[in-house]
């Protein structure tokens, strides 16, 4: 409840920003919602009723897609993809489109705030000058090792700035973590790549030029690494080649959106994907003739078929397809890696690619090129590293914790103990744009701009064979009294003086960014070239970043890969429940989309559920449990329990239950929490409705995840077993689909 | 009761009273309509008469009309561009608001006079391109101080013009040329299409 | 042998009994002096018990809350307080419209068609039926406006010149509806008023105080000169003939609102007559109920409204039921036989879906039960029983409309959108319209003579018993 | 010489008929006789001339006007601002049939109704010669005769079985 | 291209006369159902969100929805190809003639179904008569629900309104709405082309959904220009039109799998 009160206080305190909204809400058909009154001081480049377009970067996830935002009279009207940016080539996903609802969200933190961590202290507004002083004091009053930075997944200019800063003052390097990286298992991927190819880095799978894709639990059409790029690749694979229609096979225990597009979806028992990869490898090798490579020698196909529940015929059939395909491609990912044996699974799948000998070839596997101003691939922290970081917080060796771009209280599994860690840190300063759980649990909130109001750049870890640095610039003047975090740090460092001031010798954020892109000046192999910084910076702004003109040709060889023995040990499952628990990031909400009303209104592609979360289970399973649609069940794991409504999902392994991540907020604005209050005068028909705390929307699967890691240190999020209990309550899920028409509920005969 | 009223109405006094009531209602309505037709209160008593008299083109202050939907209303900078060179600016009480605004750096917001409802998507550009003069719709600005609408701008008014300018008569098509009349026909189709303004 | 003789004798007795019925049981052969009848009618208007006022109070409360307040609330808040949604964009409001228009058909049928065919039993209750037409149509109209999203702009549907140079769209069945219903409501109101004038004059001569003024104004100074009678009778005859096609057109056009639509289950060419018959079906039932209530609650009505009338009404109902059954079966089997996929889905949905209970009730109440009961003269002559059947038929007919509109709308050609309609605020507004109808009827029953006395007397003057041999035979002579 | 209007009230139709015959014999023309009754009584029963009426003519007139109006609505208005819908004619004939039919009927009915008002001078709240018994089914016969003959006629009526014979005075109904 | 119906005559004749002007193809084989088109449409056209209760009750305002069905039983169950359903801009639109006030007329110039919001009185007949069920009704003022706004010194302000697109009318309570093929973009493109004295080129602009679609499954353009991309897509053998048997002449072609 404390959060509730403090959130209310934001709204009470809200003054300056919201008053600038030039909006009428009169009635009568002729009244205007959007007044078209002119600027009082109109910039010469704008005319009334004509739009201006700005290139920037999407900050909704770490992919780094380029955007072109249409603005009119100082308001951002529409987000469009940047056609030049090689990551997304002018396309956007739903989350990118809805970023405007983040910009104009009614629940933003509108000015710096000091708040007690307990409700009693309440919240008070601050001046930015005080804020700078507080940050400066935090730096001064602690010796370097006692300052810690926790950042979001994206590798952006702020990360660079803080890295430089910490290295200069000798503080521990910033930690980047987020739900996306947690569910993407980047550490596992790069680890596997290193083990097999001796080259760390994020593999890029060139779907576009492949003709047969075998995906092991990888959800590349939804949220995995760079969904827009991979979707484009998929489309090309399917229809790009006029001679042959690309073929997609998906091994996954529940039919994800990606699996729904697959020509063959093969339900497997979680944790057996690696075995299947090996078995396929062996069969393919045999089909091709010649000796079976060491990688696949150890595996016993019958055993695999028995364990995974994939029939021998199916395995042989698929092996045959792979053997015949010109450019077969195997993609690991998603729940396959989120297992205790995730690393070896990844290795097995990469080995399968090695067998197909498609490394560095079109339609094969590449190591994603580094970004222009990147020395080496800095992947976000793995769950293990995060756990260590939390441990350091716990043992009180950190006096001040700066949090930016991540909401650990919501995103991190409870057993990692971030709550206690937070309690043991004297000063927590959050730079959150929105009043999320973590921000409300910190001492100060010094709100950063929303992505569309901010300067910066973002590296794209993967998604294209180009080396890409996406540039960001403000498309509108800030709505509220917010400051860019970089500016805050620079200002504070200046106030702190001494080594701090030396560490950040910049007038402001822009100056820093210019210093970081300076090394590209004069490079001729890029999207543009400029002799000196001013021209370069303006081009950089205008075209939304810099990228190499030609796709890098990866020179990795896979010779060594096949020589290595790969043993897939039995996947270990924590907990004594009878169901495998598979969490996945909601394709529409992503990790942090819950506060954007239109993302909430988007139906989930597979279940068409809106505004809430569900647990998908096979109708048989539901029948055995004696529950049906909309019944609220309690999911109990060793780590905790959540209550969520049942969705009878016809395409899921009977022993598996799946649940989307993204809902279940207890803060983070009105759309993410309590449902829109509807008219109660005639709530004769209960639709929607809430469970548990009236202030929570949906449920958060992270509450039942335990702290178990695979060998690469990534979270074994799919390695849980859970019990399911009835609660007897109902929660009507809002679906777009018709249960009469699609499932024949209450419909007498076969449609 | 009813009967009494009935008889009273029939009596001469009653009839007079009735007439008076009806007339007063009418005059009230008329007054209301009249009120809606008054030019609004502007931040400055801007005299179109004077400025147009000085030979300033409409498009100088309302340039958007050439390029896009809305001609735009001049910002204070534009006013200041000329007025700072005019001595009278500092003295004239009428111009005081502008001077103050300029010094305060706030500028002022005009009240749009010729405003179409938000379900009408009107664009100036094609009208100017079609060779219409501003006064065709906005009246003769050499006569008014504060701009006001010479007529009620409703759909019938728009359509009349659209139709008359595209009908295949001697004035539009003196030679009776078949191609011209075909063009006129197509143009009329476009100009009387609901979707041209409403979406 | 014995058995057969028994049968014969039995038959014989029955035959005799049939002959010995007393002509006095018929109103027309049981004349009373006009003055007496006037007195009876006046008294029936004046006498009210406390019960009357209690019911009146309850009804007016319901009208204020459930009709005016609820509607105002809906206009203020928007239609979302109702239950309409995709795909059931139309809901209970149009169900009510169709239902009330159906009720309204009874009046015209009885007072016009029976007048044209000179069915003498009509005389005492033409007005009671005609009132139902007017009040029913008022409710129907109200329901149409309730259903509109922006009712304050409904005048855009009227063909009036405007600055937008736009006229309504005469391609639209809704426009035909508007014209037909307005014609019908005006016509039937005038047709109600014309025969009322002499009775108002009668009341004028027999009342004092505000009633005197009231009747004086309404009676327009009617005296009963030959000229006035002549104009009146000519006009009434014209109305009697002219209003019949209007009546048929109205419900046909209402049915076209559905039949013209490109939807499974709706697009059926038999809908026109099907709906008209349905309307008469419910209308007759309603008349039966009204007569029963009148007879039970109002003074002296047992003189004017007798067994014979219920009997005749019962026969009418029987006939209409058969006709209705024929059309129902006609519509149903054509749809079923066609076997178009969407239609198939729809029929399955109706018969076995969640609303199957409604479908069954509708079939039983309208088609199965009435003929079985109305067969016997005893049933027909028992007022409460006939009223009960009337009630049953009306419930059934309401279900029928409900099935045709929201339930059939559930099933369309896009299975992804199928959803079942649930009424919300509509429930209150429905109660509102029903209360308003009853309220009007109760008020009017005490304001105007429900029995057209002059028509009754005219009838009694034209009927006489002529002695032929031993038998007294009823004889009817034309006065006009 | 001044005239007087007498009013004889009869219980039944036959004496009334006889009375009218007698009046005719005594030289009172039909134009000076008027009959008021509580039910419509056909003229031939009392041997009265056939009363004229314009109602039916007016109805036909209304019908024609309505037809014209319907035609205008359906085929006229689209040409003021034609809009295409659903690939149909701008001025379709089948709906035209409906529109014209309804308008015809509406106008005809209205005309009939107004016709009654016009023909019988409704509403009319001026004082009129009337007796309440009429609405009790009595037959009232008015006739205008010379002041001097009033006595004679009164007797004649009484002999024919009139309930009462008195000079008719106009009064507020 | 325009057709004078009174010249052309019978309904049937128009079918040949007008193959349409603007058209769209949707490749169901590569549509991943990612909802990007839905979001883009909402942002471009000021489509309102309705909240959990109304959304669950079938009152979503989506102008384009993505349908998917199930086929078969586990483990051989298959999700049918995602099927984006939007207004098909029929040549013989059943929704058009039933409106009593001409609120949804046919545009002779662009050959589209228009929805004139300010003329609509909300009889909802058009929605009933739409075989594709793609019309959505404004059951309330979804844009100004008080809970969406913040109270700032006594006045309610709606920050979200800043995003509304001024080129598209914001619908009020009680009117019908539907996909317009982004007619505001069509007009803008035509206006620009005209001001530059040229014709609108193929691919010069496109609808919001087509622009956003990451898989480029949606193509938009002139179907009456044989060389335009959309015509070529539409004339593949796997192109089908929905409910063609109703002869409503839909302008959207769906490209099936395989």
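Here are some notes:
In this document, chain identifiers A, B, C, D and E correspond to the written order of the chains, with residue numbering beginning at 1 in each.
The definition used in the following text is that a contact is a pair of C-beta atoms (placed from the backbone, for glycine too) under 8 Å apart; a residue touches a chain by one contact, two chains touch by 3 or more.
Computed from a prediction, not measured in an experiment: that's the story for all the values here.
Any chain touching chain A that also touches chain B appears here: C, E. Under the contact definition stated at the top, the chains bordering both chain B and chain C are A, D, E. When the C-beta contacts at A-E and at B-D are tallied, the pair with the greater total is A-E.
The greatest centre-to-centre gap from chain C, using C-alpha centroids, is found for A. Among the remaining chains, D is positioned farthest from chain B, on the basis of C-alpha centroids. In this view the innermost chain, defined by its CA centroid being closest to the centroid of all protein CA atoms, is E. Note: centroid distance chain A to chain D, computed from Cα atoms, is 89 Å.
The geometric centre of chain B is 34 Å away from that of chain E, both derived from CA atoms. Per-chain Cα centroids separate chain D from chain E by 63 Å. Centroids built from CA atoms put chain C at 66 Å from chain A.
Contact of a single residue of chain A with at least two other chains is seen at positions 29-30, 33-34, 36, 49, 685, 737, 742. Among the residues of chain C, those in touch with two or more other chains are 77, 80, 150, 165-166, 168-169, 171, 175, 217, 414-417, 419. Residue positions of chain D touching 2 or more other chains: 81, 83, 85-86, 88. Listed by label, the pairs of touching chains are A-B, A-C, A-E, B-C, B-D, B-E, C-D, C-E, D-E.
Across the interface of their complex, chain B is touched by residues 162-166, 210, 212-214, 217 of chain C. Chain C meets chain A in the complex at residues 73, 77, 80-81, 83, 150, 345, 348-349, 351-354, 410, 414-420, 422, 424-425. Those residues of chain A whose C-beta lies close enough to touch chain B in the complex are 29-34, 36-42, 47-50. Against chain A, the residues of chain E that register as touching in their complex are 27, 29-30, 32-36, 38-40, 42-44, 49-57, 60, 62, 65-70, 73-75, 77-79, 82, 118, 143-145, 147-153, 156-166, 170, 172, 208, 211-217, 258. Partner chain D is touched in their complex by these residues of chain C: 33-35, 38, 159, 165-171, 175-176, 179-180, 182-183, 186-187, 190-191, 193-194, 198, 201-202, 204-206, 216-217, 219-235, 238-239, 242-243, 245-246, 249, 253, 454, 457-458, 461, 479-480.
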